[in-house]
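For reference, chains read A, B, C and D in written order, and residue numbers begin at 1 within each chain.
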């Protein structure tokens, strides 16, 4: 199958959906002629024009507000927030408006909008451009949350997100943008709420999100040499969460490591851990281990940043504590 | 299904009891209704009967104390094991269920000081153990931190298959010695045999040191401060600490009392005989109705004046003392009081008192006269406000109207709680008791 | 002379719908504060002893003083004691009170509407009107510094060049209703609503005290047809006729808004001459100096009378020239009378 | 303007007034849970503005939204039922007073967040523009909201994209308890329009014709693709910020003066003066409005409460 990068796959999903549905449009800072801060929207501006690939002022509240208003009145906006860190400045529009409109109005409104935002560190962008804030949104009923880890998933999940009639947070990892993978051509939809077993194994389950999936696979490769077999599960969508897939794997292996890039405390890994503890405690043959960033903002200098961020070795170390 | 043997609740106020003796050996077959162990509370000793039949598995050894409704043992069917979860569920803080009700309870510390047996096992290992009915304490953990993992249970099960499927006899039950590396080294150095130490949990350095200490001390006998002794110790200390005691003594002539007693005891059966103590009890009971402060109780910020007199009568036992209660002693006739005291004392010595017969007194009389004691300073039986000590009654020289006369006398020693009772009041009360004894018409024997 | 000057600044002027329907200038209150500040400094330079400022809801006077920082003004400055918050009548009341306090001049910030309100209360005190309104004829654009200086010169020297303006008195069936300084326009509107007037289709007639082609507003229609200067003792009355116009005039009726106005007959008025308005079966609204103001009910009759006894107005340029000639600016000689 | 339209303006204002007055009673009787923010005194603004709108135009509203909803064509019965928390209410009892919406009538919802609608309205405007319709959006907000980030970001976006949005600031002099002079340095929110390069107009918010006229011009401008307008309607709420507010921050005299300027009394007097209507006609309208309000209360009272499990519905589409 042909190879596409993660960002090309996202762009392909956007392109196909914009061709398919004239109500789909993009808006965000520098998404037009400039092609997006990370080049994700690329040349879409040429094909669809400035109306449907709209450059906005640096004005996140306005971006999300406009998306909410447009979504409530028949459009399918796909706003981009340049860094997920900037979501903090438009939280009201997301949390109090987008997430709750349908509910507050007794089900009489529909908010089909997909907010794209890059997460993650690793590029010396420091504390305000490197966070992974996905857990915040998983705490708000009314929002769906997606974190693709591969190019193919990015395409399939983004397509599903755009077609979904709810506000969806679509978190892309910056370091994954150039990573290539096989991506199906043409229409490709990955349904929301379905986890993917990225590698089958028998000794320890690693539930990993976003970039930690590839790190978990690396760890699995290394540990296989030592005779430890990892099963790597990528939930892909955090809300809705495919609990069954995770529980089935935990029941099989009895041991679980949950890996996310966000700081560990109160991260989404805590939710997964709680689900396992509530529903599969009797299958656990070791404590649940979490791997994530240490308790500090993301620092600037590479050496500091690498110390804070979780890597393959952290997963390996966690696994070894369990077997 | 294993039946739990629980520490029963034997009275309104009982919260814990000490197993003073197992009446059936571990592993023996018991029938429903068989007395299986003796319980000693702060007040009494009771025999507990089996609620069911089965093979007795003792969990708590003699001398250990258990909370009410705590599991002290099991009655097992042939080939049955103690349930696995019993090994690690924490003991409930309180319980209200009656003994015959099935109560979810816990394994129990072998001795009060020791920590509960906590088997470190993963949930999966516990589930597997539960499913296969094995006791996790018998399984050696190989997981991180010595945790028992599911695989350990599996390998234990494999081992078990290879052993003969009979119930092991006592002594064979013990698993290989589990001890920390430090404990093993220390035991070797000190010449302690780890196999002789308790195997309820992994042995630590501390256990070995304790064993070594015990070995050094040799002949000296050490017994746990438990049961009645422990309770007496607590009560005495508490009373002495809580109440500022004052003791006053007063000599009482008992010639008239002797005459009355002689008269009353003429033509009367042994059971109906009246002792000096009975007269004193009755006199005190009457006086108490006139001096309510002596019959009162301090309850936090309030003083309770009781409108009845429940007379505690101290009875010495072989290994302690107990205070049965004559309820409404002020309203009962002398003879009724006498009969009741006799009955209570007999049953006290036979350890046949119910808990309610030894609680609720408002005043106590304690008599050391039979041991030749002239006077003493009794300690108040809390939460009462005073206690009357009775000394030896004998003939003594007394100055009467300027000349020495021989009279039958005794000394009454009244200890009172000075928070509640003033010296003058106490003196008046004691004077009133003397008056009633010296002129016993006030005692109203005719009600008998 | 008294050396006492009053300042009336209308916080509400310059914000009406003409910003939306035409291209009215935007005059925010902060700019008014700034102008008043320059007026104060001009008055101080002119040697004025006392300044009285009308209070207002925005606090233009206080803010103007506040903005001077630590600089202490030589003249005594106080706010007029009065109740505020009642719109245009605030200005009328302030003018009355200041006149009673014998101020030597009043500086008025606002548009035609504000000047009209002041004119109802100022009596014979000469005015220095400074335009801050949307489209103005009566007050002209003038720098605040100079306006202050001129007002100060008038108050301290008594040597000002002052002219009495014309006005239009509006009478109802029984009594005097109102006045206009520039124009009174008869419209078919039934509601005062947003006050301003911009729809020529609803206008029937215009009566003006002055008509110059270099102004904007409805008087400009007459100005583009038959000019009347502010000084001459005359006025003009014209009626629109969409059926058989005798002339069609291009006029800037609002800022940036031109209209081709079909005029029927028109006539010049002499002082004292009246125009009778009969409303007929439909009510009419009279817009005075550009604001819908007086309702004439169906069947009622109103009179518009040209008068020469309008407010006194300082000719800024002529005044300053005159006092210059008398050595007003010569500090060495210190010849201020 | 035709008599029919004039009379309708009067009727709409009266509907708001009587509805809100009834709500004060019902709230005091404990029949309406939660808390309510009433529009009494400000009727001319909502009615004057919405009289320019078509059913397919949009509005975004505020926490003080009953007036906007009624004026834009909301159903009084469904509103009252919602206030009661009934199943038959606009939001099935899930929204309450602060979240009433009617998507079919273009009412994009009252909003519990001060300034919330200022973010959403440009989106509705953008939607109309992208779909190529001439629908406009009226965004109601208060003087308090004009200090929120959404005021700046929303108006900036609408102006730079020339979106068909009319921003109507209902300046009622107070942000909850804080007088305008203590929450912003300007007195006229409309002055801020300069900063966005759009017209800003001050109107008498208690004069329904003044609001109607100004918003009408802004709507014309918006439909013509000329972009947004900021209109500031000076008005006053008679009740406290919410029912039960002791209003210690304002004087009785101030309230009395504003009551003198009652938008409904002023307008009806003018209609009578101008011989547009007779007293009898006004009385008849009053009676009809009273009946409508009573019917809405009866409807609300007779409606069932929602099933508790309904609370889990409508979280997602």
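Just so we're on the same page, a residue touches a chain if its C-beta (ideal position, glycine included) is under 8 Å from a C-beta of that chain, and two chains touch if they have at least 3 such contacts.
Remember, predicted model here, so these are calculated numbers, not experimental data.
The chain with its CA mean position farthest from that of subunit D is B. Centre to centre, using the average C-alpha position, subunit B and subunit C are separated by 107 Å.
Separation between the centroids of subunit B and subunit D, computed from CA atoms only, is 79 Å.
Computed from the mean C-alpha positions, the centre of subunit A lies at a distance of 40 Å from the centre of subunit D.
Per-chain Cα centroids separate subunit A from subunit C by 66 Å. Across the assembly, subunit B contributes no residue in contact with two or more other chains. Taken chain by chain, the contacts run in an open path, each chain touching the next and the two ends left apart. Chains that are in contact with each other form these pairs: A-B, A-D, C-D. Subunit A makes touch with subunit D in their complex at residues 23, 25, 51-52, 54, 56-57, 59, 61-62, 64-75, 77, 89, 92-93, 96-97, 101-112, 141-142, 144, 164-166.
Per the touch definition, subunit D reaches subunit A in the complex via residues 58, 60, 89-95, 99, 101-103, 108-109, 111-113, 116, 118-128, 130-131, 137, 149-150, 153-154, 156-157, 160-161, 313-317.
Chain contact summary for the complex, subunit C toward subunit D: residues 11-12, 15-17, 19-21, 26, 28-30, 57-59, 85, 190-195, 283, 295, 297-298. Of all the residues in subunit B, the ones that touch subunit A in their complex are 122-127, 143-144, 147, 149-151. On the side of subunit A, the complex with subunit B involves touching residues 254, 281-287, 321-322.
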